[in-house]
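Letters A, B, C and D name the chains as they come in the text, with residue numbers starting at 1 for each one.
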Amino acid sequence: MPIAKVHRISANGPDDASGIARAIEQGRIDPRGVIAVFGKTEGNGCVNDFSRGFATMTLTQFFAQFMPRGEAERICFVMSGGTEGAMAPHWTVFERADGEGSGPALAIGRAHTAALPPEHLGRAGQIASVADGVRAAMRDAGIDDPSGVHFVQVKCPLLTAQRIGDATTRGETVATSSTLKSMGLSRAASALGVAVALGELKAETIADKDIGENWSLHSGRASCSAGIELLGHEIVVLGMSSAWSGPLAIDHAVMSDALDVEPVRGALRRLGFAANGQLVGAECERLIALLAKAEPSQNAMLRGFRHTMLDDSDISPTRHARAFVCGALAGLVGHAEIYVSGGAEHQGPDGGGPVAVIATR
Amino acid sequence: MPIAKVHRISANGPDDASGIARAIEQGRIDPRGVIAVFGKTEGNGCVNDFSRGFATMTLTQFFAQFMPRGEAERICFVMSGGTEGAMAPHWTVFERADGEGSGPALAIGRAHTAALPPEHLGRAGQIASVADGVRAAMRDAGIDDPSGVHFVQVKCPLLTAQRIGDATTRGETVATSSTLKSMGLSRAASALGVAVALGELKAETIADKDIGENWSLHSGRASCSAGIELLGHEIVVLGMSSAWSGPLAIDHAVMSDALDVEPVRGALRRLGFAANGQLVGAECERLIALLAKAEPSQNAMLRGFRHTMLDDSDISPTRHARAFVCGALAGLVGHAEIYVSGGAEHQGPDGGGPVAVIATR
Amino acid sequence: MPIAKVHRISANGPDDASGIARAIEQGRIDPRGVIAVFGKTEGNGCVNDFSRGFATMTLTQFFAQFMPRGEAERICFVMSGGTEGAMAPHWTVFERADGEGSGPALAIGRAHTAALPPEHLGRAGQIASVADGVRAAMRDAGIDDPSGVHFVQVKCPLLTAQRIGDATTRGETVATSSTLKSMGLSRAASALGVAVALGELKAETIADKDIGENWSLHSGRASCSAGIELLGHEIVVLGMSSAWSGPLAIDHAVMSDALDVEPVRGALRRLGFAANGQLVGAECERLIALLAKAEPSQNAMLRGFRHTMLDDSDISPTRHARAFVCGALAGLVGHAEIYVSGGAEHQGPDGGGPVAVIATR
Amino acid sequence: MPIAKVHRISANGPDDASGIARAIEQGRIDPRGVIAVFGKTEGNGCVNDFSRGFATMTLTQFFAQFMPRGEAERICFVMSGGTEGAMAPHWTVFERADGEGSGPALAIGRAHTAALPPEHLGRAGQIASVADGVRAAMRDAGIDDPSGVHFVQVKCPLLTAQRIGDATTRGETVATSSTLKSMGLSRAASALGVAVALGELKAETIADKDIGENWSLHSGRASCSAGIELLGHEIVVLGMSSAWSGPLAIDHAVMSDALDVEPVRGALRRLGFAANGQLVGAECERLIALLAKAEPSQNAMLRGFRHTMLDDSDISPTRHARAFVCGALAGLVGHAEIYVSGGAEHQGPDGGGPVAVIATR
């Protein structure tokens, strides 16, 4: 029977795999079972954040010690830059092992989609491709019912001059000629693809012009990031499955704005936490991972008061949002080694975002 | 019988006094009773933050419409720059009025100390001067027992080349020849002066070398900021006095680190709030003002995990700290129009800080 | 016979008018003749730059000591934020006086246009309005031939929610619903209006869709900035006129990219400088003011090499560009108290910009 | 007869070695002759600049394709972060080959010093160690006379908690307990070591308290950077030697302040350039590399006017300085693919810095 293990490991820098090495030496991690590593790295989380690439190069080399390089490259490395406020840089290592016991328990599934034709990026074609990929990852995880899915991480491609040229040569048009905008559109369409696969939205009600524009459409369980290094999508599904056993469970919540922590408290309680006030002691230990998305609300207001995140030309809005949301969540869970990622197009409502909680059962 | 009124008013910019103007027009504020205005302004809160001076110039001109300019200049304007995360720029207007009723209730006192000889800055002489000033402000507020004091705001001077020259000419030495460092030392000595006046520390146990160095010495109720425009200290004391009546009460808490919100919940409960989870509805309305200090811990750790605030050469550590602490407090009180100020030398323990809560009784 | 005086005065902060005060006391400036003040203030030059408003408030109050407030408010205060690199914060005061002598000499003209209907902003209507205003300012300066004009400073309006609502109510559409974008469009249309008035472009060849898009269209003498405080345009024209006398002359150059200083050397030589190498001694003294625009090239290349200004999420591209261009110009003229302003839509070619040189004859 | 080759190669990112790969494929570079690579990488050049480590990891792996890894690690990789303004990210590859012809020509020498006892760092012991290393590198380069040396690049160690503990255990004290300050002290003592080796200063006239304090002591040819990865020093000497032949020559200049480009023009002329105005055409091609140090002057003045670099809490002073000095130098040499590095303790006078020019003979 498959067992999902999740290891949260502190990092002293984007090139510090020593904590993972120790866990392997001590037999806590079997590197050959590692499916994905989510990292919070200490760059700016924006365009010129080299901490992400540095971390990916470091981890790829690290795991290539234990397996053929091609296999190491198939591990899904999702590097999210930006550890603003007191957020702690760390790795979350997802491992699939064999074990005994009974479910339902945390299940992990993975899928890769085919290369996306550049003319589909940010359009219905990408939504369909991602939705198919999510369904494949659900099958890989042994989750039949979309309600069993609590978090979907998607790494999606972006447009480059060369890819645009390829589409143009074939007489096709692309959604944008800007590389930067294509990242947002790709995340947006990916999130909507997740929503379609999970039954949150119906594909036929989403027009191309809604993508990256109509924020009333969103998934409560999608987390998407764009990367130049891939042509298709890498998808990791986290959920509950009775086909899995092991020590872990997962649930999720949707924050409706940047300080809406009560739904997260609700998810903790559904997982058996008392969660009266801030987590302490054994409850703090039981919480294995907290994964969240953050962004400033577009109307520059939060609960009726103005925020200045969108008008600050010195600090990027996403950096403000991560620091603040991390503070709100850390106030609830009692530490700041949590994964708060920015850029949340269609990932939760405008100004809010999905949150996943992984804990021991 | 004196009554303290506190008005929290949103600001659309450092030069926006329109909300105060409206409150005066509507009879909610009598400008002649205004003692102090604390402002959160949307600059960087560091050296080149012109939003503070712009706000002070704006408010001084504004109040000079209602009183002689000299009187307007005597209002204690404490401008704290930096509205990181979702913190809302706003004014907190402190007014003294006459009324009926019974105490104890929120009491406000104010004092100005004599010009501080530059050679005393950052040394025992400044501690003594501030301690005397706090005692005078307590008398002004009608508070006899230091335990009745819950927040002391001190505006303190700094050293300039001219002031250093003045001391040197008289054969005296100064604590530092750096203007920037003198700001930190002045805040540090002022906080220790508050601690002495409130009986938190004994003056004779504080050596000059402890000032700005020995963070185990601190006040749980001091909030200090340095400004070039004054030679002595402006001190505002907030506390509870049975000689005052009116609708408001105050209490305080000390956060031991940047996410230690439970003591604040405790203060809310002492003021009669249920405070189970995040404040909502009527409880949210009852909270008039939340005043807090924030700073990164010097050992770069929070609850056993590393933070990167001190190593970020793009964003000042104080900006990170304000965003994060504001998030943690907003998660508790349900909005982000709160006053979180940085630069907390001896103001609460290292990495933590004092928090005052003003609420309707 | 009118005489133009130009005073370059160092500023110790956005609220430091003391240098201007001294010049008035010493009889070098007659405040009643002051037409305009251009300021370089030490903010970030972007959205949340409060140093500009602070400076404008300071100067308005300052000049109101010498004249009715309404007249002080008619002085054209153009505050350009951002003194990156070693750029020195300073004021350039333009004064009109009476004198004797013979021309041609530096001439200054000024005009205000009527309030611009919001639906014209960023469109042909604004181009026409600015072109008319430039012609009026030329008449005010006594300059008949557009070739006599060397620099045109335009302050232009922007769209606000209220102004957009006003247009919409009347059944009109606006060019953009984004306040931020409206600033760029307003500068763009203003620059094209200057180009039309000076005969650099023909109005009929400019389509609305070219505005803010087609950078091959540009003026070599326009400098534009948008401000929320005005509804029409304030226009200052600087040029040579035989109707003026006095000690000063002006010429201009167009930098084709961010390090193209040789055309500026050419302008210096036309004004009688040897300008072999860096200006020194008497030549350095003869240079009264250098006014320039700077921006990063959109293709991220400079002379065949990549620049990273557009990809830096920590420092705004305009800040990079001002620092670099100021360095290049300072290397030529021997000091950095020069006026380099960012945001150069249609003001010089992409990546370059117009430069005006004012010197003693 | 040894020949020095220098290759300036554009980089599309800190992990882009493709330009070097192409040069190797085309036979322009023999990787086994590579002695050093100086890189300008596009980070912030401050504490949390991961572009440097990323580049070093990339280049080490890259060269390990052509030689045993131990040898690849012996190549001196000097990564300088910060490509502010229009500075172009690039590599400068230094190669030693064999050839025919006659000198004098550019000569390159290299030396490694023994591990520095932590208690010597920032003190006379480090000065002596570096001076010895420079003499060894001069011997390696075949340069007898210090006047033949035009640039010395030193990579120096810093203190860590562990190294401090090691010294303390042995009963020794260290110059500082701050890792960050130890970087500045290490650079400072290294620069003074260069000055001693080159006869610019006498060791016996330098007191320990002068190190990092007395800026009147400096070298006109030193460029130093501190790195955590080494315990001793890596030293590269560039100069002219009659024992070398080949196509290249080197000279140097000292800028007395941030815009003092005329001494650089002088160096160009000594190398046979006309250098009237900005370099163009063939002269531009002849210039192979320009290596410079930049920093803000400590008195916040440049040629009598104030600069704001030291007071900017949003942008680090070194970033301002690099952008500005790069602009000044680019204005002279006609492009911005130049190596301007910050942090110039005792490397040139306060506010200025050394500049080396490498050109074809």
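Annotations
The rule is simple: contacts are C-beta pairs under 8 Å (C-beta built on N, C-alpha and C of every residue); 3 or more make two chains touch, one makes a residue touch a chain.
Since we're looking at a predicted model, the values are computed, not measured.
Traced through touching neighbours, the fewest hops from chain A to chain C number 1.
In terms of C-beta pairs in contact, the better-connected of the chain pairs B-C and C-D is C-D. Chain geometry summary: the mean Cα position of chain C and that of chain D are 40 Å apart.
Averaging Cα coordinates per chain places chain B and chain D 47 Å apart. Residues of chain D found to touch two or more other chains are 42, 44, 48, 308, 311-312, 314.
For chain B in complex with chain A, the residues that touch the partner chain are 10, 12, 42, 44, 83-90, 258-259, 261-262, 265, 276-278, 296, 302-309, 311-312, 314-315, 319-321, 323-332, 334-337. Of all the residues in chain B, the ones that touch chain D in their complex are 44, 46-49, 308, 311-314, 316. Chain D meets chain A in the complex at residues 13-15, 42-43, 48, 50-51, 53-54, 57-58, 314.
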